[in-house]
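So, here's a batch of structures to check.
Next come two complexes built around chain A: one with chain B, the other with chain C.
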Partner chain A sequence: MKSLRKYWSLLKISWETGLVYRVNILLWRFRQFLLTLMSLTLWTVIFGSADEVFSYTNAQMITYIFVASVAQSIILATALNGLARTVYTGELSNVLVKPVSVYLYLAAQDVADKLKNFGFIIFESLGLYLIFQPPLVIPSAAIATLFVLWLIGGAVLNFLITLLFGAIGFWSPDIWGPRFLFFMIVSFTAGNLYPLDILPEVLTRVLFLTPFPYFAYMQSQLFLGRIDSSETLLHSAVLAFWIVVFAIIVKIVWGRGIRSYSAQGH
Partner chain B sequence: MTKNLKRYWLIWKLLAANALQETFVNRGSNILFMIGKIFRLAMTLFLLFLIKSRVKEFAGYTTDEIVIFFLTYQFIDVLAQVAYRGVYIFTHYVRHGEFDFVLTKPLSPLFQALTGKPDFNDALFIIPTTILSIWIVMQLEVNITLASFLWYLLLVANGLLIATSLHILILCLGILTTEIDSATWLYRDLMQLGRFPVNIYLEPVRLVLFFLVPVGMMITIPSEVLLNRPPTYSVILATLFGVGFFWFSLRAWRWSLKQYSSASS
Partner chain C sequence: MSKDTVISVKNLKKYFQVYHKEPGLKGSIKSLWSRKYEVIKAVDDISFEIKQGEMVGFIGQNGAGKTTTLKVLSGLLYPTSGQVRVLGFNPWDRKSEFQKQFALVMGQKNQLWWDLPAMETFLLNKAIYEIPDKQFQATLDRLIDLLDIRDILDIQVRKLSLGQRMKAELVAALLHNPKVLFLDEPTIGLDVVMQKILRDFIKQYNKEFKATIILTSHYMDDVKELCERAIIIDKGRKIFDGKLQNIIDKYARNKILSLVFSKEVKEKDLKTFGQIKEFAQDGSAYTATLLVPRKTATVQAGKILNKLPVQDLNIEEPPIEAIIREVFGDAKNTPVK
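Here is the complex of A and B:
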C-alpha cells in the first residue's frame, strides 16, 4: 500500500508537470482535432456522391472514423516520445538511483499524460459530434466493458513498444529515424483514417499478422458491433498474446540495455 | 547586386556542405526517415487510387483531379522543407544566445535563420517523387493545357513565396517567445489540410485556410488553374495576396528583431 502511494504521488507530479506548458497542450490537441476534422470531412464529401462505398454507408463510416479517432487518441497518446534521449543523455540515472521501478515510474508518466489527453478528447469529441452528428448506438454493458479493456490493452501495447524505442538510446543517439518510421506505419495501419477492411484482402491479412490493428481499428469495430462473439474471444487472445510477447522483449532488451548503460554525461 | 548574390550563394554552398556532411553522419536515421516518407507517399497515392476504383467524383472534382491537388501539396511542402529546415532549430540559437553571433556578421540574419540548414534528406526525396508525380499526371484523365501549366508555374512560385512568409512569421514567433515547436507542427498540420481542395471544409475553416494560414492560395488555387477550372479566388488576387503576405512577414521580422533582447548571452 505504501509503495502504491509512491506511484500515486509520481502520477500526480507527472500530471502537474504535464500542465506547465498549457499553450503547447492546447496546440497539440488542436492539431489532433484538425486531423480528425480532415478525415471526417473527406469521408463526408466522398459519400456525397455515393450511398455505399467499400460496403460502408455514410453513417457507418462517419461513426467509425469518430470512434477510431477517440480510441487512437487514448491509445497512442504518450509522454515518452523523448525516452531514448533521456537514456542516451544519461538523465535516466535520476530514475535509477531512486527506490522505484523504472517501468512503473515511466508508466505513471504515461498514465498522467493519457488522463490529461482524455480530458481534452471529451471536449473535442463533443465539438466534432455537433458538427458531423454521427449516429452513435450505445453498446451493451458487456461490449462497453470489453471496449474499455481493449483500449487499456492497446495502451499497454503502445507503452511496451514505446519502451522498446526508448531502449535504442542505450546504444545509439540515432533515435528519431526509427520513431518517425513507426509513426508513419501506425498512421496508415491503425485504422483511424479509414477502416482496414477497405484494403485489398491480402493486405488486411498481412496487417493482422502485426499488432497495428489493435491501436484503434479493432476497438472501433467492437464498439460498433461489427465483431461477433467468437471473433471477440479470438481477438482478446491475440491482443493478450502481443502484450505478453512485447513484455518479454522489453524485459530482455532493457535488461541488456541497463547492463551496458554508462550514464554518459552524468 | 550581382556581387552580393554571388557572396550569398557561396555562403549558402558552405552551409549546404555542412548540412550534407551531417546527413552522412546520421545516415542510418536518414535512411529510415526516407523510407518513412516513401511509405507515406505510397500509401496516400494507393488510397486515392483505391477510392478512385469505387467513386468517380467527389466534392465536384473527379478523383483524378483530387490526385493533382495532392501532388501539388506534396511538391510545395517538400520544397519548403528542403529550403527552410533551419527554421526548426532557430529557437535553439535564440535560447543559447548564439543568435548574437549571427547578428554580428555582415550578412542578413534572416538569410541565415531561414536557409542555414537545408534538408538533404528531403532534397534527395523530391527528385524521384517529382519524376513520379509527372508520370502519374501523364496517366490521369485531366484537362491540362500549356497555358494552364504556365499559370500553374507562376502560382506555385507564389505558393512558395507564401511558404517563405509563413516560415519568416514562425521565426518572428521564435524571437518573441523562444518556443516555436508547436507553431511549426501546427503549420505542418494545416498544410496537410491542403492535400485536398480547401473548398471541401466547412466555414470558418475554409476562410482561415484561404486568408489566415493561406494553404488554399498556395495549393488549391494553382491546382484549380492547372485543371482549367475557375479558381475560387482570381489569379490576380492570389498573386497580390502572396506578395502582400511576404511584405507583411518582412515587416514583422524587422519589428521582432528590435524586440530581441539577447537575454541568454
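Here is the complex of A and C:
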C-alpha cells in the first residue's frame, strides 16, 4: 500500500509540473485539434457527393476518423519524449539512487500526462462532434469494456516502445533521428489519417505484422463494430503478444543500458 | 573488515570507453564512419575502508576519479572489477533497504523539481522513502531551522538563488535521515559566507546523526575544516590516505620564512639561506619570502636574525593547496600507503 502511495505522489507532482506552463499545453492541444480537423475536412472534401469511397460511407469514414483520433490521443500522449536526454545527461541518476522502480516511476509520469491530455480531449471531441456531427454507434457494454482494455494495451505498448527509444541515451546522444522516423511511421500506419484497410492488401498485411495497427486503427474498428466477435479474441492475443515481446526487449535493453550507464555530469 | 566498518572498497576499478573526435567539421564527418576509441581508467585499483561516523574528504583534480568512486558507492555505476560494500550491501543491487539509508548530493545538479516549490519535492521524498508523518515533520522542522529556509519553501525552485537551492537540496536529501552521505562538491559556486553555513551544517549533521560522510570538494577549506581524514586520488589511483596533517609532514619539503627588514638587504645575501620566492625592496618596504628546507628552518632563521637587519620574522607551513599541487605536479605519482 505504502509503495503504491509513492507512485501516486509522483503522479500528482508530475501533473502539477505539467500544468505549470499553460500556454504550452494549450498550443500542444491546439496542434492535435488541428490535425484531426484537417483529416476530417480532407475526407469530407474527398467524399464530395459520392456515397461510398473505399467501401466506407461518408458517415462511417467521419466516425472512424473521429474515434481514431481520440484513441490515438490517448495512446500516444507521453511525457517521455525527452527520456533519452534524461538518460544521456545523467538526470536519471536522481531516480536510480532512490527506492523506487525506475519503470513505475516513468510510468507514473506517463499516466499523469495522459490524464492531463484526456481532459482536453473530451472538450475537443465535443467541439469536433458539433462541427461534423458524425453518426456515433454506441457500442455494447462488452465491446466498450474491450475497447477500454485495448486502449490501455495500446498505451502500454507505446510506453514500452518509448522506453526503448529512451534507452538509446545510454549509448548515444543521437536520439532525434530515430524518434522522428518513428513519429512519421506511426502517423502513416496507426490509422488516424485514414483506415488501414483502404490500403492495397499487401501493404495492409505487412502492417499487420507490426504493432502499429494497435495504436488507433484496431481500437476504432472495434468501437465501430467492424470486427467480428470471433476475431476479437485473436486481436486481443496479438496485442498481448506484442506487449510481452516489447516488455522482454525493454527488460534486456534497459538491463544492459543501466550496466553501461555513465551517469555523465551527475 | 572490522565491525564498525560502514564502507569497504577493495581493488575497485572502473574503466570507460570514450571516443576521440578530431576537431572541426572534417573530424565530425570522418567520425561518421571511423571512430577512435580509448579506454579511460577513471578509477584504477582503489581500496579503502571507512568507519561509522567518519567524515572523509576526497581530494583530487578534475577527472581524478572522485565522483566516479562516489557513483559506484551509490550503485549508479557498475564497477569494472573489485568489491564494494556499503552498510553491508552491494550498492549495485540497488536494494530499497540500502537506498533508504544513504543519500547522494551533487552540487552541480539537483533533484528538486525545477518548476515547483521545494516543499513539493520534500513531500514526494516523504512518500518515496516511506517516512512516517511524525518523523518527517520533526526532521523537516529541524533541517529547515538549521539552514534557515522557512521563508522560501513556497517559491518555485527555478526562482531561488544558488545558495538557497543548495540548502533545499540538502534538506531533500536528508529527510530520510541517511546513515551514509555522499557529498559531491556541495559548496561549488557558493560565496564564502554560504560555504561556511553549509560546512557548519554538515558538521552538525555528522555529529547529531553519527552519519558517515564522504565529501569531495575543490575547496580545500571544506576538507580542512570538515575532515580529519583525507584520501587523495590522482588519475584514478589513491596516492594518499590518512590524516590531513600528515600530508604536510610527508610532502612539505620546505617551510616558508616571511621576513620584514628595517634596512635594505641585497638579494645575493638572502640567497645563501634559501630559495627566494618573493623579494621587494622599494621605498620604505623591505620584505622577502624564503623557502627553506623543513629540517633546517629554525637554524636558518637564527642565522638570518644574526646577520641581517630583521624587523619581523615568521615561520609558516606552506598552504595545503600548494603541497597538493606539488604532489599532483609530480609526474610519477607512485601510490602511497
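Criterion: the second predicted complex is superposed on the first by the 266 of 266 C-alpha atoms of A that agree within 3 Å, B and C clash if a C-alpha of one lies under 4 Å from a C-alpha of the other, contacts with A are read in each partner's own complex, and residues count from 1 in each chain.
Convention: a residue touches a chain if its C-beta (ideal position, glycine included) is under 8 Å from a C-beta of that chain, and two chains touch if they have at least 3 such contacts.
Everything numeric in this text was worked out from a predicted model, so none of it was measured.
Asker: After superposition on the shared chain, which partner residues are touched by A:Arg31: those of chain B (first), chain C (second), both, or neither?
Answerer: first
Asker: Once the structures are superposed on A, label A:Ser9 by its partner contacts, choosing first (chain B), second (chain C), both or neither.
Answerer: second
Asker: Based on the superposed arrangement, let me know which partner A:Gly48 touches: chain B (first), chain C (second), both, or neither?
Answerer: first
Asker: For A:Val206 in the superposed arrangement: first (chain B), second (chain C), both or neither?
Answerer: In the superposed model, A:Val206 contacts neither chain B nor chain C.
Asker: Contact-wise, after the overlay, does A:Leu234 reach chain B, chain C, both or neither (first, second, both, neither)?
Answerer: Neither partner.
Asker: So which one touches more of the residues on chain A, chain B or chain C?
Answerer: For chain A, the partner with the higher number of touched residues is B.
Asker: Per the definitions at the top, what is the overlap between the chain A residues touching chain B and those touching chain C?
Answerer: 21
Asker: Spell out the residues on chain A that touch chain C in their complex, using ranges where they run on.
Answerer: Residues 2-3, 5-6, 8-10, 13, 16-17, 20-21, 90-91, 93-94, 96-100, 258-263, 265-266 of chain A touch chain C in their complex.
Asker: What residues on chain B touch chain A, complex-wise?
Answerer: Residues 26, 28-33, 35-37, 39-40, 43, 47, 50-51, 54-59, 179, 181-183, 185-186, 189-190, 192-193, 195-196, 200-202, 205.
Asker: Could you list, by residue number, the parts of chain A that touch chain B in their complex?
Answerer: 21, 23-24, 27-28, 30-31, 34-35, 37-38, 41-42, 45-46, 48-50, 53-54, 131, 172, 174-178, 180-181, 183-185, 187-188, 193-194, 198-199
Asker: So in the complex, the part of chain C that touches chain A is made up of which residues?
Answerer: 16, 71, 74-78, 94, 96, 99-100, 102-104, 106, 108-109, 111, 113, 115-116, 120-121, 123-130
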